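The same subunit A turns up in both complexes below, where it pairs with subunit B and then with subunit C.
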Partner chain A sequence: MSISSQPEISVNTNPGRRAVSVRKLLEIEGATVFAALILLVAFSSAFAPGFLSPGNLTNVLVQSVFVVILGIGMTFVLVAGGIDLSVGSTMGLAAALTIYSINHAIPVPLAILIGLASGAAVGLFNSYFIMVLKMADFIVTLGTLSLVRGIVELMTANSRLTTQSEAFGFLTGGTILGVPMAVLLAAAVVVGGGLTLAKTAMGRRTYAVGLNAASSYLAGVRVRRVRVGVYVASGTLAALAGILLGSRLSSAHPALGTGYELTAIAAAAIGGTSLAGGRGSVLGTILGALLLGVLQNSLSLLQVNAFWFQIITGLMIVAAVLLDGAIRRMLRARPSQ
Partner chain B sequence: MGAETATLENSRQATSTRPPLQGARAMLGRPGAGIFIFLVVLLIVMGFWSPVILGTGNLIGILNQMVFILIPTFGLTLVIIAGGLDLSVGSVLGLTGGIAAYLIAHGTSMPVAFAGAILCGAAIGLVNGLVITRLRVPDFVATLAMLGVVRGALYVWTHAVPIRNYMSKPYFVIGGLRMVLWKVSVPLMVALVLLLILAFILRRTHYGVHLRATGSNPDAAKLSGINPDQVKVVTYIASGVLAAITGILLAGRLTTVHPDMGSGYELNAIAAAVMGGAALSGGRGSFYGALIGAVTLTVIQNAINILNIDPNWEHVIIGAIILFAVLIDRGALALAGRQASAH
Partner chain C sequence: MQSSPPHPVAPPGDVLVHVDKVIKRFPGVLALDGATLEIRRGEVHALLGENGAGKSTLIKLLSGVYQPDGGSIQVRGENVRITDPRHAQALGITTIYQEHTLAPDLSPVENVFLGREVRRAGSPLLNEPAMRARARQLWGEFGGHPEDLGRSVGQLGGLKQRLIEIIKALAYDAQLVIMDEPTAALPDGERANLLDHIRKMRAGGVSVLLVTHRLEELFGVVDRVTVFRDGRWVATMPITETSIDDIIRKMVGREVGSMAAAAARPKELPLADDAPDVLRVKGLTRRGVLQDVSLTVRSGEIVGIGGLAGSGRTEVARAIIGADPLDAGEVWIRDKKGNYKSPADAMRAGLVLVPEERKILGIVGGFSVARNITVGALQKITAGPFLQVQREEAVARNYVKELRIKTRSTGEFIENLSGGNQQKVLFARVLFAEPNLIIVDEPTQGIDVGAKVEVYRMIREFVAKGGGAIVISSDLPELLGLSDRVVVMREGAKAGEFPVPLGSVHSAARMDQLQNQVMQLATGSSRVN
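Right, the complex of A and B next:
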């Protein structure tokens, strides 16, 4: 997490120690995404009119919150060697349930808890099929994607769920000391998720299960518990993202959250998380999500056809994976002095 | 572990080109057998509910409608047997349909336009295959990126304006809007011909054996002289070509190519392939299974229509069937396995 020490400058000003510092830089997970993000921000500040205005920067942050939160859950699942395609639908379910509860005179905090619990329930459902019935993660979560989306459609199709609740709107509309509430919540998730994955025994077990489930089982890791845990975490975080999106829209529509699963996976992949399991970091995923958010924002400020976003995102995903592989090969080929 | 049994089952099939038929129970071990029984039961129940569903006209309607899911499912079945995954088929289908429509609207002759679309599909498949095998990018990531790039390219190229004014008399026939042979549409005939060719390739040719060997165990395949990378690249090219064929047919069916044509088809096709017994761990899958998977998906949509069920149930039911199809398939496999070990 020592990214914030801005090591870029030492590369240029100190050519004598160049090789060593570049190497140290590259060893930091997420360094390349960080560099790409800095470049993109510099480019946008120079060319995109109004990019640096506080209003726009706040907007970028609030827009990125959903992918950041989803991406952290996805990082846990991917690091443990799984994949969760159901998060977009879970967002819709949690938003619909929360707004439904608020409309039925349930206090807002309790309604939010109900929404979060529905996400955890989807996670439990996924892990039951994956762990107990031993089905492939991809298939199970593809099934839940459809199943949960159908439930959302049943809930919202005939009566669009809207709410005027101010307390609920405060989740995204309100600010504390000038910082939007949604950004604060996301920051809390980032710190909690990042520390759990990087610094706790639970985090180490997650990596171990993703690297080799069989040998971590032999080493005494409760593999099942870890994998149930990551799916419940992913479901709950998806629910949080959905509740925030519902609060921002002050409504839940049948397609709320559709397609977000692929954006979350893209953010994780750009941030250096391996889809084969065992590698990845919360920090990388956040940088990947911010990169996508800034890109989308500056393209619209530059009035570039919005559809270029998809093309550039696709190319960036492949470039990130290739660069990551190349750097690791280089580091392996030239071990440090 | 279901996946392991499946792999074993297939390596056994891979070693003898012609698995001996051991009566009806051995058929249960075939991919898609479980879902076939499910489909039959489903049809009977539906038939009692509303006899219209089992009418010849309706059944052929289901088949005519199913084609646009079935042909991309063939591509996915190929890729999945080789141990890969192709998320880009929906986008490829849209782009190639757009290319065919655009070329015809601008005066190109129909065969040339179709050839152009198919070449484009093959080229995208080739890029997928090379990025995956040469650059070692995981299948999911590479084809997810391609999904975005191709869909974005279609939008940027068309400026999000639908392509029109390309329909002609023969294209109405090709799109299945006008029948030439009783009630059977041209797309359905194309799909059935493809089914026979692909099933023949899988069961009766060296490539089919190499394909299953690559998916079951790429390292072992390599040691026995197979080039797994080459086998895989071919499956991605085939998947691109099959998506392009679907795009051409669907452009004829819809008479307008919207830039979001085919989006989301990849997930339906994966669902149909898996329902048909394809295992994402590789090595196992069947084109007849794919047919049954695609028919099952379409029967459900059709039944919801005819029985006047709230259409919002569709996703719930399909999700539940995806979850249970694998269990049904495994149940059938277990029954067949018990039979085999008794011999």
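Right, the complex of A and C next:
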């Protein structure tokens, strides 16, 4: 397409100033999810009894921590053009291993490291099959979902793993300066993940690989390193989320983490991450996760049947992707010569 | 602009499609500004112009993808508003796009009848014998072997895929077949073959509108040519009354020397006899793909790699930069051995590739111009782990200016640039890595005349500064014009190597002889068509 030197011809009969400023607003990443979140919070404050109480708000945050952490790992994987269905099972594995280790007199910090390492190992396992054996991400991680879940069930079926360790309980129960530990940990992940994806060379390469792995490879991007990296990150973050959930429950049960992979994908999709790769942001995913958390909380405060949460989540995913597509087409409208 | 075309208007009964003073606007761009085109029944008509001249827009208007903002389109003398591609097909207009649109896993017959399968009367079941018979008949008319129809399309070569797209169009009873760069992806031999088939369509009374950058293909195939420039009609001429030089002059609006001459090494800058080796490659072997390929590139030298498609030209390049694993062989760059494990390793050693198939293997679509430039060498714009966006912006701005990349801004999505400008961005990308040697695979594939000259200049300037270059090209005048030495590949092995004496491009006889030499080596025969 050549750039015409002609004066700009406006198609819109009245482009005006407002159109420009709306356009600017829409260009801000996550603007629409943010607006939706504000609307939902306003609605809940007005109609859901007790929504604004400090206890409830803390509760919403702590509830959302797991999806936020998982969602950030998922965002890395999705941006790189993959998908990780194994994170829910990995949560279960890490929780079970950590509690098992604590129960076998391993110091809590070391037990947590063991749990995190198990998540990294699942990530390596996934990326080995995907990169070296060149299998589809969806199939490999679907297999891992089942395989790891089986291990968790083996570990927990006969004797439910419980712990009374106070140090372990502090991970979610404790507060520093009044802020729950879990929220602080999640905030650290948010800052680290957000900066990595948006501001570092590693993050930039993650987008490049998701947009076009073949051309990125020939341009000098180490595609394999990026893809292994995102799966290890996703596995490790899933492990962290699982350990936190185990701490909150003081136990690991066979179904711990089940279904979380889909919630994490939903949070990312609502936040504008493309399942085709190359697009998405940590900020969007957090907003998506918070939107889901607030929705679930206010529906339960309003004593609406929990099935409605499922239905509304479904509608929200479709609406978010639809809206996102429409906005992008509008912003990118160009002659495709 | 001209209000009415001065070329003689054919008698109305003779005219199949008449595009009259059509206007098409996009935000900020006037893509067509009163464009006019007249296609007669049973003629092969070429639509020519540089990228951005409005050819693609016009094709999309005729095939119903876009609707005009002004002017009119007449088909068989009647004003029509072509609402969508299906409507265009109902009017007898079928378009074969540059990007293949066949489903590779389906058979040719399934492809031909895709979306309008023939059913048995009064039944939802497919009438496969009828479809097979029709496809076989059309396929036979194009000299195709019935056996091909039993395979999946993906297993057939480029030429046969093109032919299947043509019989697909004919099976729609098309009266006008629009072909966008039909020969772009084909090797030389098959190109001539396809052009023969296009002539055959004309004999059957079908009109063809051909859009191509390969001007030398026009002669003997097309009846008339129309040239557009900047969205406007410039000229329509019978092919017998024009020449390549005349067409180019009308396309660019100024004088341009011959392409090969534009590529050639300037006489005052001969290659130094004592220039040191930049790259030495010894015995590259990859089982079943490459066999014992050796070559050297000296500082300031351009080495061309010729050969037919599939002869291993691209594979040599991929093996050198570590994109494919080697079974044997050595790669030395400036006296340092580097058998690279990946393009990233090769790049850090100063060895870079501008790949063929720009859209698939070159650009990172969805990234801006700036990000496409820096993506391979991000370490040069980081402080600690963090990217320095301002430095990136400065780098990009610099290249946009230096290489005269036409773009609204460095933040523009690369897919919104023309092919020639995308190619310049890819050059900026490899230059940013400060390489010792660049390998350019099909440097000017699908880009317009003006951009070609600039690409040649970029390669020249790079070697003038002491770098070395390998150029892979199917375009023989380009290959011989650029190269100081030519290596010809055949079936994965080196078939021969010879120097191109300085100044050869200025002698037509010398160029003919060199082209013959390449073709003889490439085909392994002394008989060359």
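Observations on the structure shown:
The rule is simple: the second predicted complex is superposed on the first by the 316 of 337 C-alpha atoms of A that agree within 3 Å, B and C clash if a C-alpha of one lies under 4 Å from a C-alpha of the other, contacts with A are read in each partner's own complex, and residues count from 1 in each chain.
As a convention for this text, a residue touches a chain if its C-beta (ideal position, glycine included) is under 8 Å from a C-beta of that chain, and two chains touch if they have at least 3 such contacts.
Note that this is a predicted model, so its numbers are computed, not measured.
Using the contact criterion defined above for the overlaid structures, shared-chain residue A:R205 touches subunit C, although it does not reach subunit B. Shared-chain residue A:F129: touches subunit B; no touch with subunit C.
Touch criterion met: A:G150 reaches subunit B, while subunit C stays clear of it.
Shared-chain residue A:I317: touches subunit B; no touch with subunit C. By the touch criterion defined above, A:G220 reaches subunit C but does not reach subunit B.
Residue contacts after overlaying the shared chain place A:A42 against neither subunit B nor subunit C. Contacts of A:V191 after superposition on the shared chain: neither subunit B nor subunit C is touched. By the document's definition of touching, of the two partners only subunit C reaches A:G278; subunit B does not. Subunit A has no residue lying at the interface with subunit B in one structure and with subunit C in the other.
Within the complex formed with subunit A, the subunit B residues making contact are 1-3, 85, 131, 135-138, 140-142, 144-149, 151-153, 155-156, 159-160, 267, 270-271, 274, 279-281, 310, 312-320, 322-323, 326-327.
Residues of subunit C touching subunit A in their complex: 25-31, 51-52, 54, 56-57, 230-231, 321, 323, 342-344, 346-348, 352-353, 355, 360-367, 371, 375-379, 382, 385-387, 406-408, 413, 416-418, 429, 433.
Those residues of subunit A lying in contact with subunit C across their complex are 1-4, 6, 8-11, 195-196, 199-202, 204-205, 207-208, 211-212, 214-222, 278-279, 332-335, 337.
Listing the residues of subunit A that touch subunit B in their complex gives 83, 129, 133-136, 138-140, 142-151, 153-154, 157, 254, 262, 265-266, 269, 274-276, 305, 307-315, 317-318, 321-322, 325.
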